[in-house]
Amino acid sequence: AKPFALIAGPCAMESREHALEMADALSALCGDLGIGFVYKSSYDKANRSSSASDRGIGMEKGLPILAEVRERFGCAVLTDVHEPGHCAPAAEFVDILQIPAFLSRQTDLLVAAAATGKTVNIKKGQFLAPWDMNSAIGKVVGAGNSNILLTERGTSFGYNTLVNDMRGLATMASTGYPVVFDATHSVQQPGGLGNASGGQREFVPVLARAATAIGVAGLFIETHEDPDNAPCDGPNMVPLAQMRGLLETLLSFDRLAKATPINIG
Amino acid sequence: AKPFALIAGPCAMESREHALEMADALSALCGDLGIGFVYKSSYDKANRSSSASDRGIGMEKGLPILAEVRERFGCAVLTDVHEPGHCAPAAEFVDILQIPAFLSRQTDLLVAAAATGKTVNIKKGQFLAPWDMNSAIGKVVGAGNSNILLTERGTSFGYNTLVNDMRGLATMASTGYPVVFDATHSVQQPGGLGNASGGQREFVPVLARAATAIGVAGLFIETHEDPDNAPCDGPNMVPLAQMRGLLETLLSFDRLAKATPINIG
Amino acid sequence: AKPFALIAGPCAMESREHALEMADALSALCGDLGIGFVYKSSYDKANRSSSASDRGIGMEKGLPILAEVRERFGCAVLTDVHEPGHCAPAAEFVDILQIPAFLSRQTDLLVAAAATGKTVNIKKGQFLAPWDMNSAIGKVVGAGNSNILLTERGTSFGYNTLVNDMRGLATMASTGYPVVFDATHSVQQPGGLGNASGGQREFVPVLARAATAIGVAGLFIETHEDPDNAPCDGPNMVPLAQMRGLLETLLSFDRLAKATPINIG
Amino acid sequence: AKPFALIAGPCAMESREHALEMADALSALCGDLGIGFVYKSSYDKANRSSSASDRGIGMEKGLPILAEVRERFGCAVLTDVHEPGHCAPAAEFVDILQIPAFLSRQTDLLVAAAATGKTVNIKKGQFLAPWDMNSAIGKVVGAGNSNILLTERGTSFGYNTLVNDMRGLATMASTGYPVVFDATHSVQQPGGLGNASGGQREFVPVLARAATAIGVAGLFIETHEDPDNAPCDGPNMVPLAQMRGLLETLLSFDRLAKATPINIG
């Protein structure tokens, strides 16, 4: 089995320069480590806690930047989509359309994403059981597309708290589709700061190891050269300077996990 | 204080005839009981568990039927909206635009609904704490609209289960906006039937009483003359024939609650 | 149906004088209101968050005080028991032995309490579903005692938080045993203050109304003349001076609920 | 750092012969693997779902068998204690006294166990947050004993379901006390079979890997030569014949984890 691929980038696209710098650094790092790389960035933060939060640079400016990243660094690029009508335009520029967790039951969005033929990364809703993802899968497959990724990013656990049920990685893997572990949003504390979501960056390595040991096809880790001054998800992004060390350790667990696969049948 | 208003109707719009029959019966009932009535029906079930589930008769056919209900029975009408672009067209026909719980953090949808000037009924996401609704309110108010209703419909509690935290009714009421209790979706068992959501109709009176005793501005109860053969939400809809008895009892609790209001300030 | 009985008293027994004063006041109040009264107080707080917390005056001193309360005021008295060996001695002095929620699966304790022939009040564990109480009931009935009360006091909901699933009142009532709602511990925030448990006294009337409207045989409300200076449960006890007003309102809901019983059969 | 120790044995002590056979097999296996071994078995199942369930062979017969296991195989032995008065007698025969999760807030039990001077293994209550264990630790340390183990065995997640929050392993490790992961009870479905608890044995390797990758001092795995015919916990025990393969894989993750420790500060 192949090593995990890394889906990474800053939470929000800040500027063309910033995107290229981040992609350059991450692409070089993944090249060194011999792992696949998907550049991820959102040009529109459509479900911020508050309207006062910055929304990002927008679709028209953002999509060409993603395409430039793809071309220049030879990596795949991913962005999230929030309305059915955005899927086709986004698909002209990116390789993977991501369905946000809150929207994982929106049939039209799933179908529109599926119809582009691009890979669809469905994040498991915080309100869904792992086995409920079969319904989301069914909607995409029913629209003729079986290029699907499933991403775990935590389940509601009381108020303002998420928990990762690690059994869910195995349950979702039993569908046959590749499973991604999103270590960044799993350590989010939704609504935990009143007008914004808090986070616990210190648990990223803890949870990422656990997931990697079980065996995942991909890891999703948002990163930034200066998370504490990033426009969003600062408390849960990993500083860029720590990514190499983190990934090297995770790769050693990944090699072991791939050599001794679990099958929960 | 006024008695609670009833937001009611079948889960999905089935046909013009069915809509008029249901609205006729419910409007007459609410007239008898002296309570406000809002006819509710969805012309599009956008987040069904499965693609194979029926989606409804669609926006173009559905909206004029709602307008006809309004005109013929003199009641308000409500429908849910799933995309920003649907808000303005729907607003031409209905009085209240409802934001589905799953979409309660989608800024564009909240803002587009707000921009119509119509009342916006925001259902609390299953993944939100009651106090998190301040963010949703802020998005609507920030768009210049303070005609807001807040609806409780349950919070994620483990897998395939919802729980109503009744404290949340008081917490949401402390915002100053009217609070609605959705007794139908609170007894839903999301994903509980594999390809569909289950429900526990027998708990509708239990939970509706509890909410009414605390004090609510509105009750949301889906109903159907034959729930077990309805196209959706059958297990949690109340048979039409039981609505009068249910509401009469709830109104006696409502009178008492309004005479002895709680203020958790 | 009879009005609810009140199980009340201070969280911990502080002294003979304090116990008699509290019992005097509460007994007079319940007499005025025409409701049954059970005096409740713990002589030993066996599961405090911290060892540094005060444990109470102890069994040897405490039991005779409860007996004196019973004799002087003609009320029933209740205390909680924490070990099988404590059941028989306590039963010589009290009418109701209460099984703490944490201990609701301890077979020996349930059986020893049952063996005394006294009424056994089983608090539903925070980790149990309402239907799991059938097992606890079975242990007591199996020991030859069917004088059982079932008490709802909240279910674990994420960390340091409880939620009352009001459906559980109906589910537990369907066993045929009287159901008590514990409004005091339902608003506890277990461990929420680090070395102690916090509480939200302001939600006592909210939740007690909801429960009363569904229909309960008893209400459990801890009270103190000065909760903020009480040795335990201060944040969730109701000031004694507010009890009359609270109970009068709850009784009006109780009358209505008893006149229109729910049967979820 | 040392490899994890294994705490293992059948859920319930069935007979002297069975105990010696199991201990022989497990002790030989741990010897082969070069890991510490603690034989675990309960002579009394004090919190079974139902009174009809078998309770075990009892303390008087059980303790000498544990002592014989210790002497014959040179391993440590562990049993759980349910009443303060049982701690001193048990301590004469065993090395580790285990506080059951339901009893993790019972001060007298913690103090009595501490007073024996034996190691005290405190299981985290299903109703506790990881940080709440500081209170339990404080009670044991306050009684003069700092030989403490902390065991994760799942947290209540809705009804009849547990979830392991893997962050809790790191949080508990930050106390400085050794952390054990109980893979057997973590896959229990409490009350899930009506009169008994269900289980999902297939997730033992999944969760044990995740925990081992984070880094634990011990693993707790109940095992039986024929789990489906065992007197308790059959659905979540690992067949004895699969233990070697499971442990070998887990040890490879353990070596990696110990070579690259996480410190969440």
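When the chains are written out, they are named A, B, C and D in that same order, and each has its own residue count from 1.
Just so it is clear, a residue touches a chain if its C-beta (ideal position, glycine included) is under 8 Å from a C-beta of that chain, and two chains touch if they have at least 3 such contacts.
Keep in mind that this is a model prediction, so the values were computed, not measured.
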What's the fewest number of moves from chain B to chain D, given that each move must go to a chain touching the current one? 1
B-C against C-D, pair bridged by the larger set of C-beta contacts: C-D
Over half of interface residue numbers shared between chain A and chain B means same, under half means different, so which is it? same
CA centroid of chain A to CA centroid of chain C, Å: 48
Centroid from C-alpha atoms only, then distance chain C to chain D, rounded to Å. What do you get? 33
With chain centres defined as C-alpha means, what is the inter-centre distance between chain B and chain C in Å? 36
Where chain C touches two or more other chains at once, by residue number: 155, 157, 159
Residue ranges of chain D touching chain B (in the complex, touch as defined): 157-159, 161
Contact set on chain D toward chain A in their complex: 155, 157, 163-167, 169-170, 187, 200, 202-203, 205-207, 209-214, 249, 252-253, 256-257, 260, 262, 264-265
Quick one: which bits of chain A touch chain B in the complex? Just the residue numbers, please. 46-52, 55, 82-85, 102-103, 105-108, 111, 125-129, 131-132, 135, 138-139, 142-143, 155-156, 159-160, 190-191, 195
